[in-house]
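Look for subunit A in each of the two complexes below; its partner is subunit B in the first and subunit C in the second.
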Partner chain A sequence: MRIFQSWRYPANWTIFRLDDRLLLILVAIIVGSCSGLASVVLNRLLMVMFNWFHDLRHYWWIFVLPAIGAALSSLFLEKVVKEGAGHGVPEVIYSVSRYGGLLRFRSSFSRLISSALTIGSGGSAGPEAPVVISGAAIGSNIAKYFSLNDRQRITLVGCGAAGAISSIFNAPIAGMVFAIEVIIGEWKSVNIVPIAIASVAGTEISRILQGNQIPFSHRLFNISHMDILACVGLAVLTAAASILLTRLLRFMDKISKKLPAPLWIRAAIGGCAVGLIGLFLPEVLGKGYHEVQTMIEGAFSQGLAIVGLVTIAKIVATALTLGWGGSGGIFAPCLVIGCLAGLTYHHCLALLWPSVSWVNEGCFALLGMAGLISGMLQAPLTGIFLIVEITGGYEVILPLIIVSAISTTLCHYIEPAAYYMKELVEYGHLLRPGTDARVLSDLNVSELIEKDCIAVTQNMLLRDFISIVKKSHRNYFPVEDEETGHFMGIIHLDDIRQYLFNPVMYDTVFLGQIMNTRVEVVDPDDDLADVIRKMDANRLFSMPVVINNRFIGLISKGNLLDQYRRELMVQTSQSV
Partner chain B sequence: MKMTIHEVARCLNLHVSTIERWIRQGKIPIQKTGNGYLFGESALKKWAAMYRLPFLIPEKVKSLGYEEKPENLLSAMKRGGVLHDLKGDDVETALKFAVENMPVLSKTSKKELYQLLLERERLTSTGIGKGVAIPHPRDPLSDALKSPVISTCFLEKPIDFGAVDDRPVFVMFILLSQSIKIHLHLLSRFSFCVRDNSFVEFLKTSPDEAAFFAKIADFEKQLDRADT
Partner chain C sequence: MNHQLLHIFRNSPLGRETLLQSIYFSKQVKVTPVVYIPKFTKFLMYFENDVVQIDLDDSYLMSQDTALEHATELLEQAGVEPRFFDPKHYTASTLPDIHTNFDYMSCPRSISDLSSKIGLGYIGPRVRRIVKSAQFPVLITSPVYKKWESIAVFFGGSVNAFNALKLGFRICRISGMLLDVFTLVENKSQESYEKLITDEDLEKEMSRYVNKWHFLKNRTLGENLYDVPHNALVVLGAYGHHLLKTFVFGSKMEKIQSTISNNLLIVGPNYTAVI
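Coming up: the complex of A and B.
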């Protein structure tokens, strides 16, 4: 009977208690499969919607379709499931660093539906970020179901994200690298192994249900030395495109926030604008994988001017969709924009040096994708592995690495925070493991309180106080009101040292006269980073902790260092 | 041995809420079950060693914090005895007679003590004023005493001790202790007595042992009252 009761608490089984790696791997298989399934569901949904609306494409009023989709998705997010707009990846990263990866159950499907509405109706966004948050929420809730602790839950959130990306791109390594590089931010074997397994599970689910196909297959490219040299230029172009996209997204976001209208109307306006662009340049609509495929095959037969225009249009359309409140991710638009940028670059090269036999334009399209993904996410490894896997083109690995590396670096110069991290960095919410901010956010004031202070009253004579000083171990003495016990002020030995040796003052001075009443106090719920900032600003070594006017204890830098160091040791040791 | 997480927190010298948070975050190998915590002490020790966290069993913690029981004057004085009408014309001879007549210590340690006392006198006089001197070695004796000793020596005639107030010394308290801490403790208690002028006057009458100890016991009571 006990076995049946304990199956929900696998972490307490004897075999998993001392080493939970095996447990994590087993649960990772479940999480990876579930999140893989979620991404297959979204993929199917998008396909169904694409087929529905495909026949309507030739009507003139079709431009309102993205508006309806975006408005519905916004309404659904805001009113039905009550979740914030946006793609949700920052939410996952923040939850991982602050709340041990706790995510709501409804997150596991809400973004799937809203992004299906946005993208299916023609909005320029990607299905990847929604499946990432779904996968992460699935991982988090499975961990909650099995009562796992924070560390294990974080790993499973990573597993969910990895399974989702692996499944949607049929790219297990990219999924794994994305989860570790972007979501968790910590390369440790305890994380890597379960996440790798989850990637395998996610990919396998997608292969069983959708067949094993490389999303963007291509012919073999013959890359010469000149092409590798030319990559540098491409990297600069993709970096510029990423920065343009980032800035434009933020700009659109700002404008839309100024508009005095409900969220769903804003989303509708954005969608409407996208639809209008789509009337003239239908390439910008939807996730655009079909266009990517055409371009990589080298079958996109437009001239330089058109390609350049489409590139800009796609950037604008993406900014309109996402910046105005549509729901979706940045991955797929990045791939399309990257392709277009690569193509533009190829056309430019062919125009400038017609005598050189450049490699097929598909190759540049492919490299452009890597450049844009790396630049936007500032995650070079994710860019490299993703492109290699979704194109099956290992022979382009050398120029690929160059483009990714240069693009990431250039973007980092101009936009120090990656797209996913920007909001987090702005609010000081990016708390990667092993950083000062993370240690301080983990510690809290109540753990640091030292309680061995002797309280005195304001009507006490200095003579009586001296006998208390003899017995105490501390330099600080809180002064409390005799009747109410309220905290009045504090006496620091340094302030009154000169009076201590003057016997004349012993019977003439009351403590109320020498206490310091203008003291900064700390509440146990205060953020430790703020407390330290206050200490540094006022050059304090200790601060009294006060709740409801009552003195609780002292918080001092000495004890803080002790605790800080232990926290850092436990957090960063590589052995586990 | 069964441990509670409060004991674990004490072993690691951490707040219980830190331990609870670590359990929640999975940083420490303790599992939370419905009604308690599950962990192995040896696994915990291994874990602490891996992260180089100090892990001390509470008994050890207690013995580290254990304080030496403070001695009081009376027992030390009883051990050291009271000498009356001690001969001597100057510091050296007075000390020599005093040390020779002390009821405790072996012959070799007496020699050592005498040298140490002279050495100490050369640094500065131990005459603390009002005709009282407290000769003592600067560092504890080499064959450590088990408990402190104070020998009270009333001199036959006052001698010049080079005291701070230049008054001739009529009584010496030779103070021996096994550690600096006890030395300071006894010194502070003793100085409390000497501060009282009536006590000095009482000493001038060269009282007998019983009366002297009664007086000291009186002071001790006062001191103990002030401490609590």
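Coming up: the complex of A and C.
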């Protein structure tokens, strides 16, 4: 009986009384392994589906396959697991920002199945974002099972994301950097250590089950100074491609929402359009890793016009797949588009300056991937480490840094928020730890209400009021209706000072005559950021909190500052 | 009246019964009903250590154009100022977040399945998750509007039972209604239950608020429950025991809710009562 009891309440296990950091590392191993396993499962599912449908590719009617996949994927998300469509990374960041990383259990498997249907049938999307949300949800639910606190849960969400990315790309550093740079947004040792461990666990699981292979191996590149100089132009091109892709994705999302049809029909329309493009340009279908490998090897034999056309087609296909309701991520399409952009750029260089001995086109393809990833995610470190790890090409590190840095900067200049964060920023949901918005979001009006105010009535004489003032240590006095108890206005001592020092007024002035009735009031459900905005705009130091015409208490800037400091210290402390 | 009760409005005859019940409860307990009229069939509730997705059945979205009007009418008829909840945050565009800083929440026995399952003996899985995670008690309404005129607290000695008892005291104090305590005597003696009260230092409250303490000694729970007044608000704790005991012997809460048709106010493990 005792054994079962202790199993039911893991928070009571002896191990939980050990060091918190050690505990987090132990749980990170579990999370990293589970999310690594989820990545392997999705990879295998995609391989199986690719083999099933490969023999059908030569039939004319095959263009409906992505439509069927996208529709099934959408139906699965909407009707079976009842989750919203999309790739899910913004949902993870939102949950980390606002709800301490709480994620639904169903998210740990739903996107794996839906994205397998979308990508496996030929949709232009990647498996990375779905595994990120799966890994993150696994981390969140393991944290819930062990009754861990918010900060520990957020770290485990990061561990899940890191384990998933590490596993799917066999790239532990990229997984770790992605989790910290994109998901958590906080570089602290308390996060870094467990996330690093989870990355290792995820990578190991992948290596055990799928072998230790570099996804896109290539021969050695001999990079000259001219090539490094030329990288500036490539960075501009990849930034342009990133912005085009970001805007097209949002445009497709907007026009698809205007269509009065269920989501699964919209997804099918998008899928069908992708299928049609795929009939003529099959390179746009699926995750496209085979094409990436070909391009990096320098074996992609098409000319400039075709490469340019495929680049545009892949951007459009990705926007159609994801913008119209398909399920998947943008990592893989970014890699393909980046490669194509790099290749296009190389062909242009070769055309314009045929006498210059440029490095092999595969190098530009590789650099293009970094440019696209950095531009779309506005996460240069993720771009750099990912490309170095998945290509094993450390010799390209210098141009890689240049392309990533310039692409990120240009994209940030034109589109201030990264693709994953665009909606979150628009709705004020991106709350990084230690920022003003995050501190305020963790406080609410109800916990700041000061209730030690003495209420007075409008028919009270000034003389009676003065005797109340003597007892009170506050400057504000709410005025209530004698019969109904409704809030009528407020008296601020500064406003009535002239009456207080004039004894003639004591028996002739009623409070109803001198109270301020044009008072800005606060509802306990109001956002604290809005309350502060009101205070600043009206130069107020206190505001009354009123519900249903009844005065509840005061909210003051002094108390707010106290709580703000406390919350800031909690959020920025190094403890777990 | 700054305490709030969350009510998810269903614009149907059944939803009307539930809202009437919530309004009656709010007036007795002096809380403000806050009505949420869903625009989507799902929403999320983020609790301290859990996130619960509520998947409403389609009847919640029935005749959306009249929902606000119907809810306002019912509230105004009862002399309650209409107060509606408008979600500020969305996890996804069709997935609003409902905050959990309420003092009570009203649910039918099931809020995510077909209305045919609202009968006795069935509490939907979402309602269970809410009860388990919430820091507020959950009012599970009777299938039809039924005024309750007394309070019946089930007290078995667990931590949650103490919370239920304290909540009973609180409602008794606010509403001025009679409070009866019911204890299903199992293996323990009557004195041992009285000792539990003494140990918790609740003797004074017991003598102040409790009309009668019933010790039910019949063989079956059904027979015992006949003594509970049909027009009483039944307050009881849930999920106070560990999994194995619940698995083998069943949960008292489940047995009680499947036997009586009263309004139930269920106190979960995360609720802390203040008298």
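Structure notes:
Just so we're on the same page, the second predicted complex is superposed on the first by the 549 of 576 C-alpha atoms of A that agree within 3 Å, B and C clash if a C-alpha of one lies under 4 Å from a C-alpha of the other, contacts with A are read in each partner's own complex, and residues count from 1 in each chain.
Note that contacts are C-beta pairs under 8 Å (C-beta built on N, C-alpha and C of every residue); 3 or more make two chains touch, one makes a residue touch a chain.
Note that the coordinates shown come from a computational prediction; the quantities given were computed from them, not determined experimentally.
Of the two partner chains placed by superposition, A:80 touches none, neither subunit B nor subunit C.
Contact with neither subunit B nor subunit C is seen for A:220 once the two complexes are overlaid on the shared chain.
Using the contact criterion defined above for the overlaid structures, shared-chain residue A:569 touches subunit B, although it does not reach subunit C. Of the two partner chains placed by the overlay, neither subunit B nor subunit C lies in contact with A:208. In the superposed model, A:398 makes contact with neither subunit B nor subunit C. When both complexes are overlaid on chain A, the residue A:442 reaches subunit B alone and has no touch with subunit C. Legend: residue contacts after superposition of the two complexes on their common chain; A:467 is shown touching subunit B, with no touch to subunit C.
Once the two complexes are overlaid on the shared chain, A:151 sits against subunit B while remaining clear of subunit C.
Shared-chain residue A:552: touches subunit C; no touch with subunit B. Once the two complexes are overlaid on chain A, the subunit A residues touched by subunit B in the first and by subunit C in the second are 9, 147, 444, 446.
Taken together, the subunit A residues at the contact with subunit C in this complex read 1, 4-5, 8-9, 82-84, 86, 91, 94-95, 98-99, 102-104, 106, 144, 147, 427, 429, 444, 446, 524, 527, 547-548, 550, 552. Residues of subunit C that touch subunit A in their complex: 1-2, 32, 41-42, 44, 46, 49-51, 53, 55, 81, 83, 88-95, 97, 101, 242-244. Subunit B contributes residues 14-15, 17-18, 21-29, 31-33, 38, 40, 43, 50-53, 226 to its touches with subunit A in the complex. Contact residues of subunit A toward subunit B in the complex are 9, 11-12, 17-18, 100, 147-152, 442-444, 446-449, 467, 563, 566, 569-571, 573, 575-576.
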